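Labels A, B, C and D are assigned to the chains in the order they are written; within every chain, residues are numbered from 1.
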């Protein structure tokens, strides 16, 4: 049993977690920075504790501050949300050592999957299809170059410790390889303090399709179908949907089985996401596992009727999952749009400011996950996500029409504040998105400077 | 901001805490007006219970401008600043457990009435088995210890109230 | 094909209709009073037209104004919403005569079902169970009294032209009958300009359960299951849910079949609701048909995934329904709470005013249907409904827990403004509601003056 | 508008919560005045129950700038008021189709320049085949007919602009 959860996050996801805890009868402690002391989750949670000043480094990313706060308030579990400490294996380990339940996979699993090199090796052994590339981390530029020549260009060089779109470089011309390798290595060393790299084949036009999995501590692992997150801008997802459109259900079933196999192989518990690339021929390739709740998890919830945070709480409490694979029923289509405080006209520069008008959409089969309201001050310190708009409809065309309506209804304004709402509406109207022929390169092709 | 004035009239309010509270309420409302208006104001004046708060911003034209209200802008701040300066809190720099003494049973680092110098250790906050010394950031007299020994504190929580140092007191 | 709909209503339902029209690619004209010129639906709709001053009599209830507005803007159909002109057969007739599609059943059907006496006769003939009572309207006080004595007390005297809780009197003691008859008759004559009455057996502790039906012009009638609306205050529903809890699914199936039979018998088209009373033994009795969309229709939408306004548009356009009875799938439990601008401490007196704070709930499986926002001025002229909060969950306990969370999250404040949110939270906590043992008498027993 | 002041009853307030509430109400009304006025105010002062709130904005013209600028405060409003009073609209009492003449081809009820008396019929609005006469509610001169013959009008829509009646003109 978990009786009190400390939420070590902010913004919409902190509130989203607190809501399910409340519904499950679990008390909540909102751990917040000084900057966020007046935030929605602080008002909503049963208790709150200020864990540090505004900068995340001294608050949301401070392991001692978070653990002390949990101890001070008698919390027996910590939910890390996404970002911040959510994929920090050290943090999971400290929690375990301190007798606090970390709501996520074990530190051991996070270590294995956080290292992209060991993750590749494990998944290869579990029989998941991978793009041609190095099984283990590369030991020298020389070895890397030889492997790249063998794989064939374009290739992508990735940091073993990277993920979420950071620490990678695409090389199209063998002549550029050595310089790209050196730069990526230096960056990886600087950013992740781990300069190890690996190389794999790069797919120019691929779809990003991911499988949601849930594992309990009783040996049960289920998958909840696929999400297509191909609409990305510089590896940041903007629009996500479930199921993956124009993808043969048999392929999705195979991907689901592969993900479950991979999760079993590593002993995965809690909610996780297996990311795949899918090429034009419908072949899929394992990329990485995200050991946490995803920003886009609501689309899966909308089509399955399953509350993923509720299941996370169940698994963390040592209970079995609330359902079996056979009981998972998919219905209709869900789409999510992320409305960010960014100005598309100024290369998506963040636009902090105070909201003088905030009208959010509503009505049938519409879900809004947000922490903002009239008078909310968007801090400059954190990421720019303002609201996730999620819609459900019986079919994809109806879901797109609904999302267009929902975006038109959204009014978020303030001095100096721009949002991506209109840009998103334009994306939804793009013929390639309408026809579900889009891939990860679409937005790049629209936003390249003239 | 160019002018801030808080006027404390001792006939209407009882003690510093009261003044602090009234001023705090006024400040929040003025802050809300300034932050939540689509047009940034040039100046705001809010008074209640003998406390008057007036604020104007530099990037606007002439402050408050209104001929009817002669604001004694020079004298008031001086009173205020003295009063504001007379007590100040020492706040926790980190979340953790507050200890008044180096170890159980030992003499507290400081007690009420003690004069302290800048940099002097006044308490310990334990976070993750790390003993983090709490040091005074200025000279003063310990007026009140606000947190009990062994109690949890959060970041920014006031730990002690300090008054002016003996020598500086009027 | 319908290309432009004039919405002859206001508040949340006007916006709700406009939203589905937008999603269906149908243009909208918001017909509004001078009082509502700045309302959410006026901003959202493609066009708007002011049809009269604030009082509904000269605006929302003015047939000439509504019809002229539709003609002026080239609308080919009129959606009346609920209340106002929605069950006015004369209005439906004028629309038909003017070549405008009235979105609802035909004037003929509305006339037959609006007259409670003919409705009883039709349904009796169609084999629906009715409470013992008069088949046709009574012709004299003498006849009425004799019938009452025969039925047995308590009895209820109802106006033939009544409905929705108006124009009725319960008589427990035969000695009171004559006076109650005379009063009800005088009231009916004054309010409905039709003094005809009928008498039937009164059930003291009964549940109000209704069946949603949809009929198209092609002979197809389906039902979408049951809603329990037993939590009423003076015949005004406060909390509604679907499915009806603690009601044997076989009985619900029988009720559904009965409703479909009744709808077929009368040639019903569009969305309609068959209201039944269910006694403690699970016996059900037909009460009346509401020839319009109900306030509580969202709970049916949440459990079936069917957009009722979308189906209304389809049927009005002469198309067949989008699904068959076999394709209707029910999933989980949905509950709706109506948040009204009323003060429960002052006998639910309306509290008009301006909203200085308006935070509406959000998150997983939560739907909000409202027209209010920060700064909204609640007019004193119209009904006091501010927002409908609707939740969905896999089971009833989870749905109640979610609704409690949702109500706690709702902050609607303003000088002089009270809402029923807290009162509703108390209702949800009542042991009889939790156990689904509540009936239409519950709230009365809670709110009787001490 | 340059200064708006509203004085409530002078019941004093008790306690901080009360002060907070009073200040909150004042602030909201000042905010509403600032945000919802078609002309942005230069300053607003609002006081009630011993709480006084005054605010001014920078980008407003002279009004806020005080004594140095001689604002023609007497003349301007009077001009404006005259101008506002000198023309007024005659609005539709119902939604329908506007007709200037009793029947097609006939002479219009009124034309620009005509003087009209109160109660005089100036147009017809047809609603549901009902011919509803539009009558002047005061005397005046027809300055402009704003709606074309046969056009649809909505409730409250201006139909004619009227000026002062001949005799009343200056």
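Here is the rule we go by: contacts are C-beta pairs under 8 Å (C-beta built on N, C-alpha and C of every residue); 3 or more make two chains touch, one makes a residue touch a chain.
Since this is a predicted model, take the numbers as computed values, not measurements.
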item: For subunit B and subunit C, chains touching each; value: A, D
item: Subunit A and subunit D: spacing of chain centres that average the CA atoms, whole Å; value: 54
item: Centre-to-centre distance between subunit D and subunit B (centres being mean Cα positions), rounded to whole Å; value: 49
item: Subunit A-subunit B separation of Cα centroids, rounded to whole Å; value: 42
item: Multi-chain contact residues (two or more partners), subunit A; value: 356
item: Subunit D: positions in contact with at least two other chains; value: 24, 35
item: Chain contact topology (line, ring, star, complete or other); value: ring
item: Set of all touching chain pairs, with the criterion as stated earlier; value: A-B, A-C, B-D, C-D
item: Contact footprint of subunit B on subunit A as seen in their complex; value: 34, 49-53, 59, 63-65, 67-69, 71-73, 94, 354, 356, 375, 377, 414-415
item: Subunit B - residues contacting subunit A, complex; value: 32, 35-38, 40, 94-97, 127-128, 130, 152-157
item: Residues on subunit C engaged by subunit A in the complex (per definition of touch); value: 15-16, 19-20, 22-25, 40, 44, 298, 301, 305, 307, 329, 331-332, 358-360, 362-370, 373-374, 392, 394, 398, 401-402, 404-405, 408-409
item: Residue numbers on subunit B that touch subunit D, as the complex places them; value: 21-22, 25-26, 28-29, 32-33, 36-49, 57, 59-62, 64-67, 69
item: Residue ranges of subunit D touching subunit B (in the complex, touch as defined); value: 3, 13, 16, 19-20, 22-24, 26-27, 30-31, 34-35, 40, 43, 50-59, 64-67
